[in-house]
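Both of the next two complexes hold chain A, though its partner changes from chain B to chain C.
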Partner chain A sequence: MKFRAKMIDVGCLNHFTRVVNTISKLTKTCILRLTPNNLYFVLSGKVASGGVGMWCELSQANFFDEYQLEGVAPDANEICLEVTPENLSRALRTSQNAKCVKIKLTKKHCPCLTLVAELPTLSSVSRVVTHDIPVDVIPRRLWHDFKEPRMPDFDVSIYLPPLKTMKNVVDRMKNLSNFLVMEANLNGEMNLKIETDLVSVTTHFKDLGNPPWGDDGSQGRSQSRDPEVMAHTRVDIRKLQQFLMGQQVNPSKAMCNIVHKRIIHLILLHEDVSLQYFIPAVA
Partner chain B sequence: MPLSTQSQTEGDNYVLVASLDNVRNLSNILKAITFKDHAIFNATPNGLKVTVEDSKCLQANAFIQAEIFQEFTIKEDSVGFQVNLTVLLDCPTIFGGSTVPGVATALRMCYNGYGYPLTLFLEEGGVVTVCKVNTQEPEEPIDFEFCSTNVTNKVILQSESLKEAFSELDMTSEVLQITMSPSQPYFRLSTFGNSGNAHYDYPKDSDMMELFQCTKTQTRYKMSLLKPSTKALALSCKVSVRTDSRGFLSLQYLVRNDDGQICFVEYYCCPDEEVEEE
Partner chain C sequence: MDCVVTGGNVKVLAKAIHSLSRIGDELYLEPQEDGLALRSVNSSRSAYACFLFSPLFFSRYTIPLGHAFRCKMAIKCVQAVFRSLSSLEKTVEKCHIELDGEKSRLTFTLHCKHGLLKTHNLSFQDSESLQAVFDKESCANMLRAQPRLLVDTVLHFPPSLEEVSVSVSGERVWFRNHVDDEAEQSKAMLTELCLSSDEFDHFAVGAQTSITFCLKELRGLLVFAESTGLPVSMYFDESGSPVVLSVTDSVLEVNFVLATLSDDSNLCNHNNNTKRARSPPPPDDFMTDDIDSYLIAMETSELAGPSDALAPRSPSPNHTLTTPPSVAMRRLERGEEEEEEDTEDTERPPNKKFRSLFFGSVCPSDSQLTNQTIKSQEVLASDSEDDTQASLP
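And now, the complex of A and B:
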């Protein structure tokens, strides 16, 4: 197994850092899949992580100037690691002004992702900062848990309102209740609702628009649907709040698929990064 | 206004409808009296009065006249209910409560009468949030029987001068002592805490003093009861401090809202019984 990659563009470095910061706000640990074309930050949606699933895909060519990967086997040319994104985030934070950042897989007292940053100084000699971030190598027999999630057979797909507005509203609702209902219809309307013994609060968003998924077979269910009827799912409000807290940059597209009473599937698309987040329903 | 097009299952059965272009003109003043969860609302054609009480010794009232509201319609002589004020005040800031000039959250507050929740329609940037807060049977506010004929001391000050004192009050002191006298020290606030005694003196000829009519008294009040009044003081530009022959304290605050309109907040407090009046 071998992995070496190099970033020299400061814009790419900043962008990569922002992505890792976002991931670090969403989860304490996750899987990092390295393939010849892409990097993936993955949470598999098991009970241990509270049931949320995450799939963040970065195209390596958009970030790295050099990228060399030798996977575990010729027919499985990829590497799968368990990482703590906060450690990577911290290392990247000290490297923001670097002339060059190299990331490689190494073996110190345990397997590590080693980050080497060349920082500029007043003299001609660079200062080098090295971070060794411990990782766990995930054996091939467990890889099936970390495959790309299938697009769920959703009832309604809708574009999200401005994330900042959503975040403000969800932050306040969290003071009042632990659970939130998200509902939406094919008329571009979405409601966020909480209800307790003392109070009920509903925020109405209109004219959001519904993404045109086209004639894809799996979306057939939504084609014949009455546009006024709402699909809704009740979720743990903290999970939605956590997702909204992590977003540092406005995405070029933000949408949400709702499977009635089952799952909320959030999709954020940036130029070279896509983030999907799955929040399961609670009873 | 977008809120007026909101269709309602309750239809036109409201006994009270009050609208504001800027919800802060109501929420800011209510925050000044939020030291207990429950508040008694009483609406009359003159406007809205909100009362919060603590252990029968302290009462705070906020008055928002009908003229402050862009719309104030009431179908009865008096409409009263009780709500959880803490929960109610989480609603006006539902869109984040930012203070960007030009961006305000609009409010339409509706009440159908006994047994119905208090409904708040809040709108900002085209997004509408509907909050329904459960109401209870209103308790009767205590009548502190504070009337002008029994007033023995009256002082009107610019709030600026008291703000510093109140924000620095020694909280290890169980009482706040108010001394009023026609001679030195005129008007004095005193605390007796772990680190020692502290006195704040306000001379009667100070620029900050607008009115000074005192006989000689010295009364103590429980610090825990008076500390919440700091919030009202912080909002106000003027305050009147009066005590009566029983040693009861009345603090009246003149508050200007975001639009420069005037509202009032008053606090009534019983004296601390362990000390006898001079």
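And now, the complex of A and C:
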């Protein structure tokens, strides 16, 4: 198993750092899958993460100038690691002006992702910062847990309102209730609702637009749907808040698929990064 | 005592106090002939800091004649005087520090713009001398760097990091985070920064060495150094010996003395002996039975007049054992737990002598005490605490 990658471009470094920062705000630990073409930050949606699932895909060519990977076996040319994204975030944070950042898989006191940044100095010799981030190697037999999640058969798919606005609304709602209902219809309308014994609050969004998914099979259910009918799902408000808090960059596209009473599937697309986040329904 | 600080120096004084607050809870103040010394020490005696402002720093510097005056106060109180640094800069024209001997108060008067006067009366406790034992010049290793370099270095470590290890060898120095918890070692992220000797103003390294000390206290000094732009010098020997960090200019000398881990100990805090102080760490609570009986025994031994001439305490490069062999004890009504300095006053009844337990002092051995015959107990002033102590056998 071997992994070495190098980043030279400051813009790429900044962008990568922002992605890692976002991931670090979403979860304490996650799986990092390294394949010849992509990097994935994955949360498998099991009980341990509160049922929340995450799939973040980066195309390595958009970030790294050099990228060498030798997976666990020739027919399984990838590496699967459990990492704490906060460590990676910390390591990257102070290396933003580095001339060059190298990441490699090493074996120190335990398997580590080692990040080496060469920082510019006035003298002829660079300052070198080395961060050894302990990781756990995930054995092949567990890899099936970390495959790309299937797009659920959603009832409604809708573009999200500006994330900042949503965050402000959800932040205030969180003070009143632990659970929030998100509902949307094919008419571009979305409501965020909370209801307690004393009060119920609903925020309405209109004219959001619905993504044109086209005619593939998974959209069967939504084709014949009455555009006025809302599909709704009740979720733990903190999970939604956590998702919204972590977003550092405005995505080019932000949308949400709702499976009635089952799951909320949030999708954010940036130029070279895609992030999917699954929040399960609560009773 | 009567000192006046003007203009930009007020801010320097304020920063010094803020810096000292990161070390300990009490500020020890001592006007000396060579300047005003502000000191602090942490509760485990593993970190000590001293800011010595020379008389030239002040526009007026008058110290009490004859006897030495030393006091200590809660540092938070002094910080409150210099609370907002940015407004200090803009509004304070001078700061006047005076001692009101009668009321045991130190008065800080800030003369601000538009004729505004802010007067703070801080009460103090008399205290014994506080000085760490260290000798910079004899250290095998010395590095001097612009504060910016060190600030940039510690930036790579999280604010929560307790201890940092510094290793030197030949032309390089490494800063690493120190992980001392066994359980954490396998899971902790390790960060290492390597600097070349080029980046330092001065780089004198003996043998390959590695020391570990508390980062928090270093940060306290760096904040001060960065604001003054003065280079920071680091003097150290092998692990276990304290590291001395200094910032010096013509009117100011700052020394931070930090204990370092010796190879076989786990944490700075557990190893008070790394400070080369010969005494055992002083108990925090002086009202324990042992101390009481000890105090009483001492009370009755060397009765004498005003305190003897005190050992010289000027901060020359060779700091030797500084606490004088006998530190007179004031009447117990003043700060009941403290062994206090005699602020000479010939009208007071004869003072008792007592050996301070702080830095570098030597306690009499037990045998000395038991040999003394208990003479009549002189109660100098009545006070409820006094009475209970005096009544102990």
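Odds and ends about this structure:
Quick note on the criterion: the second predicted complex is superposed on the first by the 283 of 283 C-alpha atoms of A that agree within 3 Å, B and C clash if a C-alpha of one lies under 4 Å from a C-alpha of the other, contacts with A are read in each partner's own complex, and residues count from 1 in each chain.
The working rule: a residue touches a chain if its C-beta (ideal position, glycine included) is under 8 Å from a C-beta of that chain, and two chains touch if they have at least 3 such contacts.
Predicted, not measured: the structure shown is a model, and the values here were computed from it.
Aligning the two structures on chain A places chain B and chain C next to each other without any clash.
In the superposed pair of complexes, A:Leu176 makes contact with chain B only, with no contact to chain C. Using C-alpha centres, the superposed arrangement gives chain A a vertex angle toward chain B and chain C of 60 degrees, stated as a multiple of 10. Contact with neither chain B nor chain C is seen for A:Val282 once the two complexes are overlaid on the shared chain. Contacts of A:Cys12 after superposition: neither chain B nor chain C is touched.
Once the two complexes are overlaid on the shared chain, A:Asn168 sits against chain B while remaining clear of chain C. When the two complexes are overlaid on their common chain A, residue A:Thr94 makes contact with chain C while staying clear of chain B. When the shared chain is aligned, chain C comes close enough to touch A:Pro134, but chain B does not.
Touch criterion met: A:Leu198 reaches chain B, while chain C stays clear of it. The overlay of the two complexes leaves chain B and chain C separated by a minimum Cα distance of 12 Å. Taken together, the two complexes place no residue of chain A in contact with both chain B and chain C.
Residues 155-156, 158, 185-196, 198-199 of chain C are the ones touching chain A in the complex.
The residues of chain B lying in touch with chain A in their complex are 84, 87-88, 90-91, 93-96, 117, 125-134. Chain A makes touch with chain B in their complex at residues 161, 164-165, 168-169, 171-173, 175-176, 197-206.
Listing the residues of chain A that touch chain C in their complex gives 84, 87, 90-91, 94, 108-110, 121-125, 127-134.
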